[in-house]
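Here's the structure, in structure tokens; my notes come after.
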């Protein structure tokens, strides 16, 4: 049985209809990323899950518990679903201090314990210094962090995050991303995260669900969906990226040696690498193909592979190599001709260590 | 005389002090991007400019007109400044339709003209279909577009945009970015745009002002600030990127031949290239250095250059080449040694056409 | 049922409500947004008529309206007749008496209007007045309507003040509430029941209409 | 100045306000959020006491309180004494009479509470009651305080209804407003002025305090 | 000419309607417009400049007070009021046998009377009760109306089981049908001398004096007598 079974139809009067079907098995990692263009219905799906929006048809079941069933007339109130929701636009309580906001959902414990939990979560999200302020006195990014702290402090059974990091700047986003993943892992919380950001999807997600054109188009492990989009629409939404499950085996001089399949590649050591789990991401655009081993270059990685498929994509050719794992390169049509890139052809793939981003998955 | 002269100090009771000094000359392109980490005071600066926040000290002058002068006790009300402000969190009027929101700031014209202008701006921003709705019925991205339309329709003298595109997904952001730049250009409007996104900064900005640690650290042409950060803090904020003014000279097979300084390089043709102005962006991480011309590779561009400087950055070495223009490459220490990268050394820089992003600047 | 009294009461209530909208809204806006130290004091002054028994307020108005008093003299010169026991005197008394009933809900609603929206309006070139009319007022509408209905209804039902300064002059100051009281005092309960019923039916219809018109903001969602 | 009357008026106003908070807030919340078709009708019923002249309301209460009437009989059995001319009767009358003064500002303020914040509370595991107490109510505070002050003040000043159902029994139903009226009628204007002054000073102090305490949301910014 | 504005004590209502009609029959164009109220309220309004021509009080003190303040001409007494105790029909109160003492019956839970501080009939009732030694004992059961009319409503609505009222009201519909009256001995209280005065502010003092004279005429006295007033001493 799936942990979460959702099939909803929500018709907006004078607006579009959002339909989505999403079955999430339990156990194989808690975080599902909901990816999709603006207006696809991501927020609508989260709100239906939280019980804030009543679907016009369908059913939602979580761990065998029926939360909603249009046919049976079941509609569990939000408070009884135990869902944590981080709103896209924060919705902090303006009349409460940050501390009281964060502590709002902490119930069934005494004052001291509540204060302790608030302090702990606040520290984790770097908002300790703001606890005495009110939401009106926070910057955009600070508000988002506080909203996140508030959702986490309530220790929900299912966490729904609507673009949790979108108001942060890049460094803060990257720092918090790891924190968030760690928090989600630690809590063992099944979570659904809406994001527009690929790195965020990789850092946070175990599964990726692509929502487009009024329905869920593909669900699967993050790297699978990124590396093998089911159709053109999904490909357009997720972009072209090699996302390879990787394991760090050695670290030296600021570089990390990473096992990808049977190959070993060098990548920049992003630091904080106590945990060895990662995705090695490299954009297909960044893979340089060569007919023969090159002269001295600054490209640190050279992978031998066999072309297994080619397909034209506008002015480019998408060349899929088998290097022990599947590697996609995008080259110009002209280059592909010069290299004779056709199935069966042996080629070398050059990749600079700096072009491989390691997206960590703290455990 | 500068078009805009701003020097403000804003002390938040129980909060930090934001100090900023920003002089913007007129004439050399209208858009200034304000870049900086969360909490740096970007929103505060915009609000002081708009007259919504009263600085504790300082003065603001626009085209010789004094908007604020703490010493002289001058504080022009917002409505008399003719400033268009796009709020980070939209602030759409919930009681008005989208059409009425967009038309709100259109004054001094008759109904028909107002309707025409609303329709025109709505069409430009792709919100025509939403005109009859109310803000409560829009998705996050739709709301941001409507807010943008509302600010533009008022035809202000100075436009202030607080993260105008942050709620959009990547494709919409990219599409709107060009639109926005075009609109700003067409209106000849001096604008200040807050953004966290480098591509956005390049696409939109003529000047970049970096706000960090309580003050403005560097102001200059976008490519200059990106390519030559004044200090480490600025470098940390802007990231490492080669941003080269470029001109498209030829287009073939989905590729574009671009003149960068005296060199010609190939890049992907991003389409919509009627206008020839662009920045060619390539990350220092994407530049492969070779000691000698390589065998057949899929890297389309090979640029000869002389090393002019090297500097260590953690596990990497920053190699600055003179290829007729300044090009920065980031290579591992190991590679730099093997290549003998030291001032005076001749090297070849390999860059895939796909690694060069052309950020268009419609005129 | 006394048609002249009904007409009089409706005219009085309508004019009082109109005057309170004209005077009360700017006052309420000031109360809602000012950070002046004088605000709590002004707020209390506005609320005073509330705690004064209507007859006491009426008594003091009576004293002030007396032809010998400065206020009474001034108005008498202006109107050509004394203020007390005239429609104009009643109107003035009603405005004073209903002031807090209108201004307090106005101010409470205006104080809750999101500053961001007001600022957005300023930034779009609207001045204070325009912003008030196009943003604050529509957003505060439920409170404004509530205040206006309160003031109107309160004036229709007002008794103590009218008893004191009215003098029960038919067509001038004999309002429906006084006519009703008369019927009750005459122990003419049948007439009292009849008049009350008409009053009730009329008011009820008006109230239902007002509240039904009071359109809710469209299914707002986050 | 009659200290017993002052005590009585304050007790009556306090108990009335407390009862209106207890009964009026849930009612107001229902009015503010319900999408039921019955809402405008209920809203109008609540507003009715407003348009009824207090003496008419008082008259009907007098009829209903009579020992022969069902209501009067029921209460007499419950209290051991008749409802008319007793403090309990006055309390009941005051609650009815001030209901709209409290409920309308309550409902207007509650209707303006941002749905998102209510939803955020639900999502954080709070039920309807908790959300009401911890989110809606604090956010609607200006309106709730305004309504409570209105109800309190209105009860202190109430005259017509008290006149009808009170019977001027010292310590039971002889409120300050009745005592004042008596002084005026005796042409003892000096005593009337004195009592009014005390009432005014007391009310004014209370009002200033309330409004000053009515802390504004902290310099909220976008 | 505008109608004659008369400010009249509430107890006069039944009588004055008839008097006005008779007066108008005699003096074509002599319309009378009466405003009824507690004497205390009326005198307050007059003192504040209310546009009345003639004041008919329920006592002698208020008109004297107005005259003393220079607001009215010399007062005239137009009637002597009679105080009765009214009880609902069938009430087992043995007024006829026991007099005022019958009011001590515990079934009389509430006794209504006009406020003795402001209404002359109330003052008389207090004197009568005090004379009978009942005032202190009955005090907790007394409920006060602001005027005689209000005391009458307390009784008529059934909330008071007995009421001190002017005979003019108790003897008129609907109280006359709903109960019975027992006259309080005139000796137990000071006579209720009802006086009136033409006001200085009167717009048509001649007409006011004419109406005052009519009250004192034989025809006027006859009407007043029919409504339960005794004639004032000449």
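Quick notes on this one:
For reference, chains read A, B, C, D and E in written order, and residue numbers begin at 1 within each chain.
One rule holds for everything that comes next: a residue touches a chain if its C-beta (ideal position, glycine included) is under 8 Å from a C-beta of that chain, and two chains touch if they have at least 3 such contacts.
Values in this document were obtained by computation on a predicted structure and should not be read as measured data.
With contact taken as defined at the outset, chain B and chain D are each touched by A, C. The greatest centre-to-centre gap from chain C, using C-alpha centroids, is found for A.
Of all chains, the one whose CA centroid is most distant from that of chain B is E. Chain D and chain E have centres, each the mean of its CA atoms, that are 36 Å apart. Between the Cα centres of chain B and chain C there is a gap of 55 Å. Chain A and chain B have Cα centroids lying 26 Å from one another.
The multi-chain contact residues of chain C, meaning those touching 2 or more other chains, are 59, 116, 119, 139, 184, 220-222.
Taken residue by residue, chain A touches two or more other chains at 43, 52, 87-89, 91, 137, whereas all remaining positions touch fewer. Residue positions of chain E touching 2 or more other chains, listed in rising order: 41, 44, 150, 153.
Within the complex formed with chain C, the residues of chain D that make contact are 35, 39-41, 43-45, 47-48, 50-56, 59-60, 100-101, 104-105, 107-109, 111-112, 115-116, 119, 139, 142-143, 146, 149-150, 153-154, 156-160, 176-177, 180-181, 184, 192, 196, 199-200, 203-204, 207-208, 211-212, 216, 220-222. Of all residues in chain B, those touching chain C in their complex are 50-52, 77-79, 82-85, 87, 89, 91-96, 104-105, 107, 134, 136-137, 150-151, 154, 156. Across the complex, chain B is touched by residues 12, 14-15, 36-39, 43, 88-89, 132-133, 137, 139-142, 163, 166-172, 196, 236, 239, 253-255, 266, 268-269, 285-292, 294-300, 314-316, 329-336, 338-339, 350, 352-355 of chain A. Considering their complex, residues 59, 62-63, 65-69, 72, 81-82, 84-85, 163-164, 167-169, 181-182, 184-187 of chain D touch chain E.
Chain contact summary for the complex, chain C toward chain B: residues 114, 116-117, 119-128, 130, 134-135, 138-139, 141, 217-221.
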